[in-house]
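Dropping the structures in below, format is structure tokens.
Here subunit A shows up in two complexes: once beside subunit B, once beside subunit C.
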Partner chain A sequence: MAEQSMPNQSLNQSSQRSLKRSNEPVFWALFGAGGVVAAFLLPAVILITGLAAPLGIPSPELFSYERASAFASSWAGALFLFIVISLSLWHGLHRVYHSSHELGIHRGPLLSVIRLVCYGTALGGTVLSAYWLIAAL
Partner chain B sequence: MTQKTIDIEVLRYNPEKDYKPSYQTFEVPFADETSVLQGLQYIKDQLDGSLTFRWSCRMEICGSCGMMINGVPNLTCSSFLRDYYPGKLRIEPLSHLPIERDLAVDQTDFLQKLESIHPYIIPKENQSVEEGPFKQTPAQRERFYQYSECINCLLCYAACPQYGLDSDFLGPAAMALLHRYNSDSRDDGKAERMPIVNAQEGVWACTLVGYCSEVCPKGVDPASAVNRNKVNSTLDYFFRFMAPKGAAE
Partner chain C sequence: MATRRPYMRPMAGWWRRNPFYLFYMLRESTAVFVTLYALQLLYGVYTLTVGQAAFEAWLARLQHPVYIVFHALALAAALLHAFTWFNVAPKAMPALYLGTRRVSDRTVVRVQFVIFFVVSAIMLGVALGG
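Moving on, here comes the complex of A and B:
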């Protein structure tokens, strides 16, 4: 049988328009990973450091400065803290950035500034927490 | 018994005469089974023959009768006047699309986008009739079936705030149909379609509002197609140097 003709050429202008690969996957991946952290780890961390520790539950010594500092200066502890702090920041600030729509900011220079501030803060938090955690090792 | 009537306010716009759209109200008699579309047809047949709108099948198949009913994108053939009584209806053309006349919108933008995603199966190798059909298991069919239910009614485009802001965005239905072909086991055209997915105008203009899936009359769930492709695009982004082109599932 003769070969079927198969349209595989671009058929109109819009498909010929050159499409540029977006770098958004970088931010979206950090946002997604941060979502897992914010949903599963962060509540537990808040419960422990925000409620249990100040109330001395189960015992005041458990979260004494020495113990907490020893935890943060171990490799595993530092890695845990880095993941929780950094990815939560990327997650939260990505959301804050995209919430600009709710404030009626959809495009333009103001949006670029918000983007810079949001991702800049996340990057800053990431770099600083890495620096301090490594310095304390 | 006197027949119940309801007020239908329709947007009127004749680009050859009108500087801007205006509204006109008609009093329309209705029964329990009168659809909104039949209400419009009553106006056209009995009150003002110049009212312009699209329709064909009257049964949620052709996708041509979508309009804004009281601000919500809906198919007029499967919406009923009784549900709005004793209030009134305001009927407008689908949001975010240029008006051609009255309630009919210009669909060109969508049709071009639809063409751009190559909405047909691109097999690895063509198979002759003698070789028989491409076979598929029920599980393979299940992967794309829901997305193939789209009737191109464009309610999702009227619902999408991102498309409203920037119509360069490929939009919900075109992305759902792109995903329909990419997830078909008989198709091998993924590499041709991924550049569209990966662009800012592809999946990345979406902020997961999800209203598209809410208004879809066919249960297509275009928002899920967009978000599955955010995953695909992210895999493609990070693994493009490792895997052969378009191999990320």
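Moving on, here comes the complex of A and C:
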């Protein structure tokens, strides 16, 4: 009925287009969940795997293959790693994608490529981390 | 109409013009480090599935100064992200009530910092305590 009362065809089309359901809430939810995970967990996790482990502080034995794989192949450890990796990717890449607007890329094929690479990497990282962690269980 | 060329204010480098915008872009750039670190950790998980030699080669590569500097920057970025995230949380979430009294924004921010320190201490204790 609303469509019939609309006199202008192009206006009608554009209003229909704007009513198309957006998928943004899904990505925003993953961004938000990832933001919480990155804020509460990442500083300590980076300190452990990025600085303490390679430098062998407080002792190199703590970062042996046996201990790391025991952690990753435990149910809780695998879930922890999956959440940290996948949600950090969804958080970080959503933010990177939306930064293209700030850097002057507002529309067009380049933006589509950036979107595909960002969300594709997040999805790929999620699938791969699940696959490798389940394989190690 | 085809020759109409309205004036458009140049926007290139807009975020370098004002300290507030500069800090905004610095905050957004933490996402680059979050992403790169997550990919790096994902690769570490992959080496665990390959075997001991691959895992030890990965750990040895992380000793390179480039990786140490990267992880130091990633740690700083994660801390900046945490600080800004806790501070905007009261603005992004629905109001909390204890009974009939509204929990103040300042309390919400402080409680998150307390949780952050407790959770971080537990993780560091478990991982580095042996």
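Methods note: the second predicted complex is superposed on the first by the 119 of 137 C-alpha atoms of A that agree within 3 Å, B and C clash if a C-alpha of one lies under 4 Å from a C-alpha of the other, contacts with A are read in each partner's own complex, and residues count from 1 in each chain.
Definition applied: a residue touches a chain if its C-beta (ideal position, glycine included) is under 8 Å from a C-beta of that chain, and two chains touch if they have at least 3 such contacts.
These numbers were taken from a predicted model, which means no experiment stands behind them.
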- Message: If we overlay the two complexes on their shared chain A, which of subunit B and subunit C does A:Gly35 touch? Say first, second, both or neither.
- Response: second
Should A:Arg107 be classified as contacting the first partner (subunit B), the second (subunit C), both, or neither?
first
Practice item. Figure out whether A:Val26 sits in contact with subunit B (first) or subunit C (second), or with both, or with neither. Key: first
If we overlay the two complexes on their shared chain A, which of subunit B and subunit C does A:Ile85 touch? Say first, second, both or neither. second
Review point. So, does A:Val45 touch the first partner subunit B, the second partner subunit C, both, or neither?
Key: second
Per residue count on subunit A, the busier partner among subunit B and subunit C is C
Requested in this report: For A:Ser74, decide between first (touching subunit B), second (touching subunit C), both and neither.
Outcome: neither
Check whether A:Leu128 is in contact with subunit B, with subunit C, with both or with neither, and answer first, second, both or neither. second
Residues on subunit A touched by both subunit B and subunit C 32
The answer for subunit A against subunit B in the complex is residues 1, 3-4, 6-8, 10-15, 19-22, 24-26, 28-29, 32, 98, 101, 106-107
Residue set of subunit C touching subunit A in the complex reads 11-12, 15, 25, 28-29, 31-35, 37-42, 44-46, 48-49, 52, 55-56, 59-60, 62-63, 67-68, 70-72, 74-75, 78-79, 81-82, 85-86, 92, 112, 115-116, 119-120, 123-124, 127-128, 130
The residues of subunit A that touch subunit C in their complex are 32, 34-36, 38-55, 57-59, 62-63, 65, 68-69, 72, 81, 84-85, 88-89, 91-96, 99, 102, 104, 121, 125, 128-129, 132-133, 135-136
In the complex, the residues of subunit B that touch subunit A are 112-113, 115-116, 118, 120, 122, 126, 128-130, 161, 165-166, 189, 192, 195-196, 198-202, 204, 207, 230, 233-234, 236-238
